[in-house]
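After this come two complexes, each holding subunit A, first together with subunit B and then together with subunit C.
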Partner chain A sequence: MRPYIKFLKTRFQSLLQYRAAAWAGIVCQFFWGIIMIMALEAFYRSSDRTAPMELSRAVGYIWLGQAFLGMLPWNIDRDMDRMVRDGSLCYELLKPLDLHFYWFLRAFSWRFSTMILRVIPQLIFAALILPMLGLGEWALILPKNPLVYPLWVVSVFLALLLSSTITTAANITLIWSVSGSGTSQLLGSFVTLFSGMVVPLPFFPDRWQAFLTFQPFHGLCDGPNRIFTGDIPLSRVPGEWGLQVFWILFFFLLGRILTAAGQKHLAVQGG
Partner chain B sequence: MSGIEVRNLVKTYRIAEREKGLSGSVKGLFKRHIREIRALDGISFSIGRGELVGYIGPNGAGKSTTVKVLSGILVPDGGRCTVNGRIPWESRKEHVARIGTVFGQKSQLWWDLPVEESFDLLKEIYRLSDKQYKETLGELTELFELKELYPVPVRQMSLGQRMRCDMAAALIHSPDTVFLDEPTIGLDAVAKLTLRELISRINREKGVTVILTTHDMDDVEALCRRVMLIGHGRILRDGTVEDLRRAYKDGSEVELEEVVRRLYREEALR
Partner chain C sequence: MDHIRLYGAYAAQSFKSQLEYRASLFLQMLGQFLINIIEFSALWTLFDRFGNLKGWTLEEAAFCYGLVGIIFALADFLTRGLDIAGDLIRSGEFDRFLLRPRSVFLQLLGYELSLKRMGRFAQGAFIFFWALSRLSLEWSTGKILLILYTIPCGIAFFMGLMTIQAALSIKSVQSLEFMNVLTYGGVQTAQYPLSIYRNLFRRFFTFAVPLGCVTYYPSLIVLGKSDSLVSWAGFGWISPLAGLAFLGLSLMLFTRALSWYVSTGS
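For the complex of A and B:
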């Protein structure tokens, strides 16, 4: 494991320098969150049907979504894309490492570092600063039951692993497609829609709900967010973890199969 | 078996072609013309342990393809090859742990980090002990004059400095065989001389087998006793630099560059 741990550390060091990008992202997400909440509030006021979720929970859902946005597997690693295009991918193949696991760690460190740079200021803003500004109704309400926190953290960690396995599998498609923009766009639209980033999943029609719960992207954002806000009761948390673990294994295996196939296919072009 | 043995190596690339213009692009959506290019068309040679061999030929001749097959990145379509008894593509992980590779146009160093970090990571990747690592890095640091470069992020280095670091990175695990693919490309005259000196010392002092591909005939004359000229996927000439000169005999003293050019044109006409 030594090489892999050291790789993870080195990659964090390299990624954590994108601080300016993180701050820009945070500011953008504050505004985006507020706009979404204003839209949601209008929708609650104008409708006389009972919403599938209390407003305060929906608000919390949106803030958590914004805070963990950096973790979603919505695109392909730009470094990988560049390596395939300029051929430095051959240096990856020249390392005595398990390629798939190595690439999985590459994805994991990327998702983790983008997330961790944003998440703390975002949560502080949503949970503490907004009430101080007199915007308590728009704030993220912290759970009263202390048990929620550890259970939620586990589910966030699983979401991170799930995101990394999806990212790895998507990155590997570069071997066939050379340019990652197609896969990125396809993946981006599926992930943002089905993880609940556009509209919280409970707001979709009732007959979709079974499908929405069992599809892989639920465990990225919808699941953990609703555990935090209390929309998913604690008794159902182990089931949620189970779903996440199932999809993590699914995409991990898919990635391994793709890597094995890709290595055979791979022809690094060059003069 | 010691050294490098290559027998009848064949590698074909498939290239999708399409006609020019919009209509060509549209047609290309339905029907693609696949053209096959023989990058290696039955190559054979053997290189003894500790040799330093120049591998020359024009762009597209098959140099890099050979290097990629030998280093285990590419699987050939036919033929056999062993590097110190290992079949590169069959035991990739074991093989790449024993070779070093430098591609002159690419870098394996971490762009944003001090170069020392890249070395530290390689130590772990090749599972070197602290003692081994200290020893080899100490040697390389002295040889390549790296001390003052340690804290410098790679993106702030000159090409010559980066190349020295990339060379050191390829040697850190004391490989038995080293592939250098155009290592002097883009370097200024002084940096080239330094690099040549380093290549020659590694070969002499450490007994490392070196295959050097280059377009720079001065590299070849300065470094290699033996040269292989490749063209159209075949080995056209294999011998000493003097042999190569003698092969083109019109009595006059011509530059090696010119000799190679004429030889190449002759072979192409054949």
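For the complex of A and C:
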């Protein structure tokens, strides 16, 4: 286990360097969140139809989505793309480590560090600064029941694992395609739509809801966010975890199969 | 005249180099098209739930959405060089632009005309014409001309934003991602009718950063709607000119910034 832990540590140190870019991203996200909330607010005010969740919960959902945006598996690892292109992937093969698990940790550290840089400023802004600016109705409301917090944290951690297994599996498909931009774009659009980043999933037509709950991307963002806002009652939380664990195992195994197949397929060209 | 010839040569060269990788280019365009269609599903979903947005129907909102999509895609297509000016400056490559006895702005514009943005253009046009086919609008020559002239004005507006970004990059020797708040954030804002936002926000995007002037107010005239912020009904006929003025001001800033330029060396 020691080489894996050492590897995680150095990865974190190097990834946490990108603070300036993170700040620019955070400002964009505040803006995006506020636009989305103003639009939702206007929709709520223009219609008498019952909405699938209260506005305050939808607002909380939007902010949590923005806070944990960095964690979503919306793209592939550019370094992996480069390694496949220039052939330095063979150094990876030489390492006396379990290749798939090592790539999984690589993805995990990447998602975790991009997430952690953004979470704290985003949550402070949404939960504390907005009410101070007199925009309390746009703020993230913290749950009153203290039990929600630990249950939610578990669900966020599972979401992080799920994101990392999806990223790993997607990264491995690079072995078969020369350019990663196609995979990346398609993955990105599916993930943002089906995780609830574009619009909270409960707003989609009711007849789609069963499908939307069981598809893998629900556990990335929609599930944890709705546990926090109280839209999913505590009694249903274990079921949510179960779904997440199922998809984590699914993508983990898929990744292992792809790695095994990819190693056979891989041809290193000269150099 | 000479400038136009030079720009034409840059454009031709840029197209040639991008068409070398036809399959990849086509896939990227398709990808952009799909991503933006998926994004549109947000608007469709919310209208499906709520029926209307402050008196706007889905088709009317889609008109604005499509219009800003078309404008932004064309602007993005033309201004790739301005967008990456920060990277060129940091790598020192920008110095080469300064050595050539030609306008730096023109060289940046000619750096790349990004064909893959046409995927986004296709999506914007698709939604725009879908909206037109569903709306029974009373057209007049004036209204058609209004749409045709607001598009270049809108392109000028976004080009102005990119020019400011490039100017600030020259001054600060950094790529300035925070300008994305105004470019991408602006597109996001203009995808909904401006009337749904709070007044301060509407004033900002009308009088300070004239985004609404190039998309929202002309759309009001074509759609036969009115707005409470600017009560004068004819405003939309002349408001697109603000986009041109905005580009003019940002070019002045750009010229000033060039005189402050300090190379990064190397």
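The definition used in the following text is that the second predicted complex is superposed on the first by the 270 of 271 C-alpha atoms of A that agree within 3 Å, B and C clash if a C-alpha of one lies under 4 Å from a C-alpha of the other, contacts with A are read in each partner's own complex, and residues count from 1 in each chain.
We take it that a contact is a pair of C-beta atoms (placed from the backbone, for glycine too) under 8 Å apart; a residue touches a chain by one contact, two chains touch by 3 or more.
Only a predicted model underlies this, so the values are computations on that prediction, with no experimental measurement involved.
J.: Just from the overlay, do subunit B and subunit C fit on subunit A, or is there a clash?
T.: fit
J.: Does subunit B (first) or subunit C (second) touch A:Pro205, or do both, or does neither?
T.: In the superposed model, A:Pro205 contacts subunit C only, not subunit B.
J.: Is the number of subunit A residues in contact higher for subunit B or for subunit C?
T.: Higher number of touched subunit A residues: C.
J.: After the superposition on A, what does A:Ser235 contact: first (subunit B), second (subunit C), both or neither?
T.: After superposing on A, A:Ser235 lies clear of both subunit B and subunit C.
J.: If we overlay the two complexes on their shared chain A, which of subunit B and subunit C does A:Lys6 touch? Say first, second, both or neither.
T.: first
J.: According to the stated criteria, A:Asp86 is in contact with first (subunit B), second (subunit C), both, or neither; which is it?
T.: In the superposition, A:Asp86 touches subunit B alone.
J.: Would you please give the vertex angle at the Cα centre of subunit A, with arms pointing to the Cα centres of subunit B and subunit C, as a multiple of 10°?
T.: An angle of 90 degrees, rounded.
J.: Between subunit B (first) and subunit C (second), which, if any, makes contact with A:Gly188: first, second, both or neither?
T.: It touches subunit C, and subunit B stays clear.
J.: After overlaying the two complexes, what is the shortest C-alpha distance between subunit B and subunit C, in Å?
T.: Superposed model gives a least subunit B-subunit C C-alpha distance of 7 Å.
J.: Of all the subunit A residues, which ones make contact with subunit B and with subunit C?
T.: Correct list for subunit A: none, the interfaces share no residue.
J.: Along subunit B, where are the residues that touch subunit A in the complex?
T.: So the residues of subunit B touching subunit A come out as 13, 59-60, 63-65, 68, 71-75, 92-94, 96-97, 99, 101, 103, 105-108, 110-113, 117-118, 120-121, 123-127.
J.: Which stretch or stretches of subunit A touch subunit C in the complex?
T.: Listed in rising order, the residues of subunit A that touch subunit C are 20-21, 23-25, 27-28, 31-32, 35, 38-40, 42-47, 49, 51-52, 179, 181-182, 185-186, 188-189, 192-193, 198-199, 203-205.
J.: Give the list of subunit C residues in touch with subunit A in this complex.
T.: Spelled out, the residues of subunit C in touch with subunit A are 24, 27-28, 31-32, 34-35, 38-39, 41-42, 45-46, 48-55, 174, 176-178, 180-181, 184-185, 188-189, 192, 196-198, 201.
J.: Under the touch definition given earlier, write down the residues of subunit A that touch subunit B in their complex.
T.: 2-3, 5-7, 10, 13-14, 17, 86-88, 90-91, 93-98, 264, 266-271
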